[in-house]
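Should a chain be cited, it is by its letter among A, B, C and D, assigned in written order, with residues numbered from 1 in that chain.
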């Protein structure tokens, strides 16, 4: 039984990790920290876990995280980079669900995240935890940079085209829409029900932190820099990301076959039949990415539709998938949840 | 492996049964009927089941339901009463998720449901499938009348008070609120997103079909008729029922202890600590009923708050719970789903 | 042209006052204060007011409120009681949309609101601004205590029964449901879209501040104390209150006629035909209270359904109605907005 | 007073026309037809109109539409083309809110709409009712083809760029999102609250009827055909369209100034300050189109964000704006409604 710790478990990725771990079978939550809520039973904050998680939040000092086999950081950006080193030194593996280790270019990271990086040497070591790209490296990793939600949906949607070299990589357009849980559980005005409900808007048009992360992943696949316009939007639902991805074909390929071949052996990527339009709710609560690919009017513009649950394949589920790989468990252990529809 | 058939599987209780059976482990779906959609793969209608349910809808004639061990009717009212008899005669057990066998007084049933009953003799045999009341009888039953959604929430909330004889049974008030999925997947104007969304209303104030069902259950517990005012409301969410139940105490009892004792051994009823207010989302996707009990200002009016997921404990989950009992499986097999929050 | 000031205009009652005043025709907004946002154009925070409100928020010191004819307090509780006195002394009329002057029994107020009252002498003078009860006194008032949202819906629903003396006033049950805007625009976790959306719950069961306000109003109508159980609920919509009110008839009266007669001359109370179930959206954005009255199964329990828009008839609209009365304008000036449906 | 008739008034554009006409001041609704609901008071179906619209639905035969000054068709596609001719011959002006007269190329229209056109000669006469383009021709028109909702948002967003000739017209990408009311009030499964709520999806990717309409308008502005990829999406809200429009700049212009100049004299187009992200709710219930224009990272891709209320500027409001122009009234008469926020 893998002993699991969670740092910063009061947010939505924290409760989602607990939901998945509660029925995992091969991992046991032994500590969950929250400075602010230390002493409060987890299930007082999250009654869906009543009878399933019987430990309280604890202070980092009391959590004995160094006795865990793996620690998940479900913290704001900038925490894991300060604490991961000591855990790694104690032989604990670390999966960071925040962004501290995602961008290899530390200068670029510091520009987008507005702080100095506390552990640049760990950035080099960290493996970007997108199993569909880095599966073998994840198996051997000590430190995982778990991908962001938009980056997961966008990269899985673009990769078959870019790896095959069939689109113009200099003019990619990713128009993405996220449910409100992507903004977390912080008390903020713009995610109040009366602000975000029955409303739709773009945000971060001039530059969003997930832009360099997506660009880095696509550039790795292309072997050259890419040109990407990324516009995120807030849509009035709780869970789900829908990425609508545009590219110009430079070769006349069977895009449906291309996608089906690329993901034929991937348990968590479902290429839908030609003509489909995936719904975010079709993956609600599950670790699946569903994709459909179109060429409207048979032209040269290819449109990829890629949906995930931002809290699962876009965060906690992918983190558990990475843990499974790191510890030699079946990749899908604990992730067999059927999407909740309606 | 129990062989399971579903009649009329295109609605929300049908897809919910499939969601639960897909991971049940002790039961296998062998046939699902829909006259209208015969031939269509189930997962074309419900993409959340892609890779999990690989059979198509079939006509009743092709379904070979008589080879099943158990058949669920997820049909409109009035179907099961016509077809259950033949299945029972073939040795198949039947669980009706509609209302055909819920009301023991056939005349009363015919008044509320507006049709003649096709199998009054089966009404007498049918066991009302509320395990917290009828567990032993369910184990031996051939035919189960699976309770309605409001009746499940309301009865579980009232039973401790009525069984203990501590309230005035002649003046009960059940103010209940349901998410829209309770109305099913029929194309109707009043459940369109633009009609039911961002809106709240009562309906059926002059008389709702669940009134006689609740009254029957409470009268059985009381050993005498009860006086009940039942007002259902439609609330703009997808899943969930919240029953707010009022009664006047006739004895000064510790209501918290009363509820805790009544449900101490029930896996699917969670009595929350004093002062709690259960949220519908805390049971989303799960077979749990969460209950809190209050005496505002310490007075003689007791207020019970009872929440369920109408599609799970209020329909498909309770049906699987009944199946487990009927076939000697652990009562909670396949029902260990953690509620999805947020 | 009436010169209007608003104190504390960054919340939902503030923006709602501005929406109504922008097209009022007889009143002009000359100052709106916010310590925190002083200097920011109002329409930067509320882009729906672009081109309609061209002043910025100002500090109280800069606002010259004493030059206004009337000042609305759209502030948290406890502010108006400190500032109203000076304005009244300067000849300015005051309408408080918070609770400072609603409860005549100052001791009771202090118990529920958890603070000492700064101006008990003004409590005595203040007129409770429910025009359907106090119209003539409002016309002559200097200081208005604008009613709360739940109290408006509940009192208008109960008054015909209580004034006529036809129900048992000792056992009233008000089961009320509010949209999330009733909680205001503060950054708080429980009103985030991911907490309040797709969810339903009760709150304040052990005691809500609107309980003494409703009880006071009903007691005034009855000429004696009343016994009231009040359970508020949060429903996942933005605007709207639905009060479901229960009482036991002590006389066999024609309740439909009773309600129609009581409100025959009220422009903002619409008694719907017998058998109706008012929807909250039918009053969205408007100053109307729609009411239907039922006797389920012809029994002695009367059920009143009363809906308002909590930000209009439950707050800003009623405040404008009071202003119109105080300044001798047509009572409905600026309030002819057609409800927005869908 | 203009005498107004509405054909097919039971849908959302019908009720929206009535909402606007009820407070217009210069127009009076004299007839509204519905074969199915003839005899039913309008306010029975739409209680928001109680006390405001006191006529019932009538059959076309009883409606005496030929006595009206103007008739709005709020009907499904294919009705107005059969009935407009007779009304025009009787001297009645006609505004069609459906698509019958929007596409000048009748063959193209027949391909997209799947029927033969009944009045091709009227197509030539009809004026496309986008006042920001065709104001003078609208003033003199007998027959108006009121624009579609997506086409209004997309054209107003693209026009400044295309009229100025500063973008590559061959590779336009319009990623558009609509609230559910755009699908109308028909009883259909895909717009049920349980299907469209808490969910996001694309649709019509292979070809949507608004594509040729947008292309026609942009081609007129460009003086040459354009290449457009148009992907509509359904977002879980009631009202609102958000168009996210992409183009590649071919000249280095000040796009902010370009938009501000183009719409400087337009009452219903609001160009927001640089850096803004318009919200759909900021135009809820109003006839305004709000636009912001961005060049992410200062590059050559220009991103235009354009929001409207699909039922107002995208349908009924624009129709009233056209009526005002046709009858020499102030263009904004009856359209001064302040958007409802929150």
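Just so we're on the same page, a contact is a pair of C-beta atoms (placed from the backbone, for glycine too) under 8 Å apart; a residue touches a chain by one contact, two chains touch by 3 or more.
Since this is a predicted model, take the numbers as computed values, not measurements.
Chemist: Count the C-beta contact pairs for B-D and for A-B, then tell me which is higher.
Modeler: If we tally the contacting C-beta pairs, A-B comes out ahead.
Chemist: Measuring centre to centre, with centres taken as mean CA positions, what chain is farthest from chain B?
Modeler: Using the mean of the C-alpha atoms as each chain's centre, the farthest one from chain B is D.
Chemist: Rounded to a whole Å, what is the gap between the Cα centroids of chain A and chain D?
Modeler: 39
Chemist: Please tell me the distance, in whole Å, between the geometric centres of chain B and chain D computed from their C-alpha atoms.
Modeler: For chain B versus chain D, the centre distance works out to 45 Å.
Chemist: How far is the middle of chain A from the middle of chain B, if each middle is the mean of its Cα atoms, in Å?
Modeler: The answer is 36 Å.
Chemist: Of all residues in chain A, which are in touch with two or more distinct other chains?
Modeler: 12, 181, 185, 194-195, 197-198, 236, 238-239, 278-279, 281, 284, 342
Chemist: Using the touch definition up top, name the residues of chain B that touch chain A in the complex.
Modeler: Within the complex, chain B touches chain A at residues 12, 15, 19, 22-23, 46-52, 181, 185, 197-198, 238-239, 270, 272, 276, 278-279, 281-286, 290, 336-342.
Chemist: Which residues of chain A touch chain C once you look at their complex with the stated criterion?
Modeler: Residues of chain A touching chain C: 12, 180-181, 185, 187-189, 191-198, 236, 238.
Chemist: Sort out for me which residues of chain A touch chain D in the complex.
Modeler: 171, 173, 175, 177, 179, 194-195, 197-203, 205-207, 227, 229-231, 233, 235-240, 242, 244, 246, 248, 275, 277-281, 284, 294, 296-297, 299, 301, 303, 305, 307, 342
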